[in-house]
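Multiple structures follow.
Two complexes come next, and they have one chain in common, chain A, joined by chain B in the first and chain C in the second.
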Partner chain A sequence: MMNSKPSWQAGLALVLCAVAMATVPILTAEATAPMSSGMTSLVVGLIALPAVASFAMFSGLASAAVLFVGAHGAAWLLISGIAGNEGTARMPYFLLLAAAWLLAWRCVAVLSAIRPVSTQVRTLLRLLIPAIFGAWILIIWEAVTRGAGVPFILLPPPSAIAARIGNSLPILLADVRQTIFKAVLFGYIVGCASGFAVAILADRVPFLRKGLLPIGNMVSALPIIGVAPIMVIWFGFEWQSKAAVVIIMTFFPMLVNTVAGLAASGHMERDLMRTYASNYWQTLFKLRLPAAAPFIFNALKINSTLALIGAIVAEFFGTPIVGMGFRISTEIGRMNVDMVWAEIAVAALAGSVFYGVVALIERATTFWHPSVRGGRA
Partner chain B sequence: MLMTVNQATATSVDQNAVVEARKLGLTFQTNDGPVRALADVDLTINKGEFVSFIGPSGCGKTTFLRVIADLEQPTEGKISINGMTPEQAREARAYGYVFQAAALFPWRTIESNVGLPLEIIGLSKAEQQERIKRTMDLVNLSGFEKKYPWQLSGGMQQRASIARALAFDADLLLMDEPFGALDEIVRDHLNEQLLRLWRQTNKTICFVTHSIPEAVYLSTRIVVMSPRPGRVTDVIESTLPTERPLDIRESPEFLAIAARVRDGLRAGHSYED
Partner chain C sequence: MDRLRDRIIPVITILLVIVAAWYAFAVYMNAPFQRDLDRRAGLTPGTVEFVGKTLSQPKPTMPAPHQVAQNFFENTFLRKVTSARSLVYHSWVTLSSTLLGFTFGTALGILIAVGIVHVIALDRSLMPWIIASQTIPILAVAPMIIVVLAAIGITGLIPKALISTYLSFFPVAVGMVKGLRSPDLMHLDLMHTYNASASQTFWKLRVPASVPFLFASMKVAVAASLVGAIVGELPTGAVAGIGAKLLAGSYYSQTIDMWAALVAGSVVAAMLVVLVGIVGKVVERSMGGRPA
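Coming up: the complex of A and B.
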C-alpha cells in the first residue's frame, strides 16, 4: 500500500505539536477554567500518535481511521476546552488546531487515494470526503472565533448560529413559507414555464425570434434585481411583488437557453424526421425537445439560484413583517447577527436542496447525454 | 430484370418506373458563387432494381439521393417518384432513407428507435411491436431491443438504422454510404445481409458507395458519376446471378464488371484538367 508512507502533513503536525509543548500553557492566565496539563497532553497525544502511526506501513483504511479519530478528537477537546474561556487562547491553541487540521487533511488525502472495489464503499467515500472537508470549515470557524474572541457582531461561532436556529424554528419556518414556498416557487414555476412557452412561440414565429432573442440575451446579462422597488410599487408589499421579480429574473435565461436548445438537434436527425413526413409537433416532441433537454435543465439550475437571490433581495425593499429577506434586513439593524446568519444558513440549505432536486431530475432525464453517462459523444 | 406490377401509388405512364429523372440539374448558391452539383441527369430506376451510385467524392451522389427524398429541390429538369413529385412521394412515405451515420436518438432504446417512424405514422402499439420484432430479426439484432445506441458498436448501430428504415416498410430504400465508416469484415457481412434482405423483400434500392467491389457485388445496375458538374457518365448492367455468395467476388465475371466500372470512373476523371 502506498497510502501509509511519511507525509509532510503528519510531519508538520508533529513539529507543530513540539512547538506547542514548548510554549504552553494553552490559555492565558485570565482563563476562568484553565485547561489542565493532563488535558493538554491528551490533545498532543491525540495528534502525535496517529501522525506517527500513519508513517507505519499499514493499510490505507486503517491509517485513515486512526487519523480521523485523532484529528477530530483533538479538535473536540480544544473546542470544549475553550468554552467559557473565550478570547484567552495563546499560540499553542492555534498550533494544535493547525496540527489537527493537517491530520484531517492527511486523512482525506489517504481516503482519496483508496480505490475501493465495491460501489457502496465508493459512494460512501464520495460522500465522506466532502463531509470531512465541510466539517473542518465549521471546526476552524468555531475554534478560531471562540479562541481569539472574535466579536459576536463580526462573526458569531457556528454553535451560536445553530443554537439560534434551534430557538427560532417557528420564525424561520414562517419566513421560509413566505419567501420560498410563496415567492420563489410561484415565481420560478411561472417564470420558467413562460420562458419555455415564449421560446416555443419564437420558434414558430420567425419575427419574434429575430426581435426577442437579442433582447433576451441582453436582459439575461442585466442586474434585473434593480427592478424590485418598482415591482413593490406595482404589485404591493406582499409576496406577489417578490414573485414578480423572480419571474422577470428567471424568464430570460429559460427563453435564451430553450431557443438555443431547440437549435441543438443535428441536421441529419431533422432530415430523418422530414423523410417520415413528421409534422412540426411530432418533430418538436420526439426530436427537438429531447435534444434541448440539457439546455433546458441548465436554465432550470441557473434559475433555481437566481430565484432564491431575487426573492430574498426583493424583500429588502419592503415587505409585510415576515420573510427571509425582511428578517435579514431588520435583524442586522438590531445587531442580532446570529439571526441573520441563521437565515443565511437556512437559505443556503434551501438553495442546495432546490438545486440538488433539479440536478437529480436532470440526471434521470438526460441519462443519455455524454456528460451524464460519462462516455464519448 | 425482376418486375412485378406496381400497385396503388403508380400513376406514371411507365408502370415499372420508381424514379424517373429527366434533364435533372441542381445548382447550389453558395458564398463562393454557384456550385453545379448535378447536371443533365437522365435516369430511370425500375421496381425491384438494386442500383448503385459510384463516383469520386463531390460528384453529387448524395445530392441526387436527397433530390429523390425531397430534401433538396432541383433547379432544372424534372423528377418523379412513383409518378408523383418528390414532395408528394415524401408525404406519402414512399421511401426509407438510411443516412451515412446511423443517426439514432440516444435517448431512445434500440427498439424504440426502430419504432420511431411507426409512431409518427400512427400505427397501433401491436402493429409497431410486430414490425419492430420482424425487422430487428431481419438485421440480426434480436436481444438488443432494450439497449441504448451508445451501448452498441458502430456496425450494430448502422444495422439498427437499417432496421428503422425497413420497419417503415416503403417500397423504395435510399441508402447513402451506409457502410462507409465500417471496417471491411463488418461491411462484407452487412453486404451479404442486405442482399438477402433485398431478395426477400423485393424492394427497390438506391445505394451510394465509393467502393467498386461493394457496388459490383450488390447491384443489378451501376451508375457511374463524375464531378464538376455532377453527371452520369456510364450505366453498367450487371450480368451476375441474383444468388451471390461472397466468393463470387473472385470470379472472372465479377472482375470484368469491376474493370468496366473502373474504366468508367477513369473516363469521368479525364474530363478534368
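Coming up: the complex of A and C.
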C-alpha cells in the first residue's frame, strides 16, 4: 500500500527521539518526582517503534492504528510524568512531545488517504480525524502549560478548567438558565419571527422590499452590538434588556435571508402555480416558502451564534448577579481565569448544541431539498 | 430613471418613515420624565411646547435624531482631532486596531485556506473545527484576552487587534477555501493538458478564480473585526475608542454621546465595507473581469 511508505513526519520523529535521548534527563534536577530512565525509554520506544513500523509495508489501517497507540501512549506518559513536577521540563520533554505530535499527524494523514467503501466507516473516519486533531490541541495545551510552568493566570491547563467545571456546576447552570433560557431563547424566537413576518410583508409590498432590502443589507454590516448599553438603560438590568439586544441582532439577518429565499423559486414553477390558478398565499405556502427553506435555515444558524454573542456582551453592561457575561466580567476582574475559561467552554458547548439542533431540524424538514439530498461530498 | 424609481425613492421613503417613527418614539419615551419635571416646577405647558421640551432634554431616555446629529457634527467637525472628545480621535483609535487585526486575520485566513486546499490531512482535520468554531460565541473571550495580556504587560493596540484577527480570519478562511476550489473540473483538466505543475495551477487558475470570493468574505471580515475592536474596548474601561465612548456614556447616562458614538461606529463600518468593495471592483477589473 502506498500509505505506508517512508514519511517525513515519522522520519523527523525518529530524529527528534535521537536528539532527546542525547540530552536526557527530561526534567531538571529540582523536580520532586523525577522520571525514571525506564519511563523515558518507554516513551522513546512508544514513539520510535511505531515510526519505524510505519515504514514497513503495512496496510493503511494497521499502520494508522500503530501510530495512534504510539502517539497517544507517549503523550499520556509525558503528561502523567509531569504531574507534581510542573515547570521543570527540559528540552527533551518538548522534543518528545513534538515527536509524538508528528506521529499523530502521520496517523491523520494515513487515515485521510484511506478511501473506505462502506458508509459507516466513512462517517466514523469523518468524525475520528477531527477528533484526533481536537484532542491534540488539548494535549499540547496541557503538556506545554504544565511542562513549561506557564503562569496560571496566563493560560490554565485544560485539566484545571475541567476540574473547575466539575466543581461549580450549580453556578454554571444558574448562569446558563439566566442567559440562554431567558434572554437568548426569547430574543431569538421573537427576533426571527418578526424578521420573518416583515420579510413576508416586504414580499407582498414591492415598494417596501425595494426600500428595506438595501437598508437591511447595510445594517448587517454595522456594529449593532453597540446598542447593548442603550437597551440596558431602557429595559433595566434584568434579562429583558438582553433579549432586546438579541431581537435587534437577529432581526436583520432573518429579514434579508428570507427575502432572498422568497426570490429563489424559478419562473417555471411559479408559472405552473399560475396555471393551477393558485392565489398568492397558496403559491407562498406550497412553492415559495419551501423553496426558501435553505435560506431561512441559514439565517436561523447565523442567528443562533449572534444571539449568544448579543446576550453575553449585553451582560457586560450590567446585570443582576447571575449570567454568563456577568460571570466572565467579574471573575476576570478577580483573576479567576479558570472560571472564565469554564464559562467560555460552557458557552462554546451551548453554541454548538444550539447550532446542531437547528441543523438537525433543517435536515428533518428539508430532506427533499437537493442541497441536503446530495450530501456534502 | 429606473434606478431612481427602483432604488432611491423607496430607500429614502423608508428612511423618512424611520426618522418620523424615531421622533414619535422619542416623544413617547421622554414624556414621563418631562411630565414629572413640569409637575414639580408647577408648569402646565401646551402640547406643542411639551413635545418641544421632550425633544430637547440634556439626558433623554431616547435622544431625538437632531440631537444626535448635532452632537455628532460638533464632535466630528468642530473639535480638534487630537481632542479626547473628538469622535474622529476615538474612531481612529478603534479603526487602527481594526485594520491591524483585519490585516493579520486576512493573511492568516488565506494561509489556512491554502493549507486546507493542498494538504488533505489538514482538510479532514481542521475544516470541521473551523466550521464548528463559527458556532462559538467567540466574543466572550474578548475581555479575558485583554485583561490577561494586560497582566503580563501587553496593552494598547495588540490585544484588541488580536480579537479582531480572531473574528476576521474565519470568514476569510472559509471563503478562500470555497474560492480556491471554485475552478471546475473542465478548467483543471485544461491545466492538466497544458502539463501545468501544481504551483502553476495554483497561481494561474486557483488564485484568480478565488479573488471574487476573497473580497466577498473580506467584506464580512472587516465588519466583524470592527465589532471585535469595539467589544475589545469594553471590559477594561479603555480610555479611548468607540467602545470606551459607549461604556463611558452608559456609566454617566450620556445617552446623546452614546448614540453619537454608535453613529460614528456605523459610519466607520460602512466606510470600511464600501472601501473593500471598491478595492475588490478595481482588482477584478484590472484582472480583466467584466461587470456582469
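Simple rule for what comes next: the second predicted complex is superposed on the first by the 369 of 377 C-alpha atoms of A that agree within 3 Å, B and C clash if a C-alpha of one lies under 4 Å from a C-alpha of the other, contacts with A are read in each partner's own complex, and residues count from 1 in each chain.
We adopt the following convention: a contact is a pair of C-beta atoms (placed from the backbone, for glycine too) under 8 Å apart; a residue touches a chain by one contact, two chains touch by 3 or more.
Since the structure is predicted, the reported quantities are computational estimates derived from the model, not experimental observations.
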item: Contacts of A:A65 with chain B and chain C, given as first, second, both or neither; value: neither
item: Partner chain in contact with A:V150 - chain B first, chain C second, else both or neither; value: neither
item: Chain B versus chain C as contact partner of A:I312, first or second or both or neither; value: second
item: If touched residues of chain A are counted for chain B and for chain C, the larger one; value: C
item: Contacts of A:I140 with chain B and chain C, given as first, second, both or neither; value: neither
item: Which superposed partner A:V340 touches (first chain B, second chain C, both, neither); value: second
item: Touching partner for A:L208 - first (chain B), second (chain C), both, neither; value: second
item: A:L289 touches, of chain B and chain C: first, second, both or neither?; value: neither
item: Set intersection of chain A contacts, chain C complex versus chain B complex; value: none
item: Complex interface listing, chain C residues touching chain A; value: 6-7, 10-15, 29, 61-62, 120-121, 123-129, 132, 134-141, 143-144, 147-148, 151-152, 219, 223, 226-227, 230-231, 234-235, 242-243, 246-247, 249-250, 253, 255, 258-259, 261-262, 265-266, 269-270, 273
item: List of chain A residues in touch with chain B within their complex; value: 266, 268-269, 271-278, 282, 286-287, 290, 293, 366-370, 373, 375-376
item: Residues of chain B that touch chain A when the two form their complex; value: 66, 69-71, 90-93, 95-97, 99-101, 103, 105-107, 116-117, 119-121, 148, 150, 168
item: Residue numbers on chain A that touch chain C, as the complex places them; value: 105, 108-109, 111-113, 125-126, 129-130, 132-134, 151, 153-155, 207-212, 214-215, 218, 220-223, 225-227, 229-230, 232-234, 304-305, 308-309, 312-313, 316-318, 324-325, 328-329, 332-333, 335, 337, 340-341, 343-344, 347-348, 351-352, 354-356
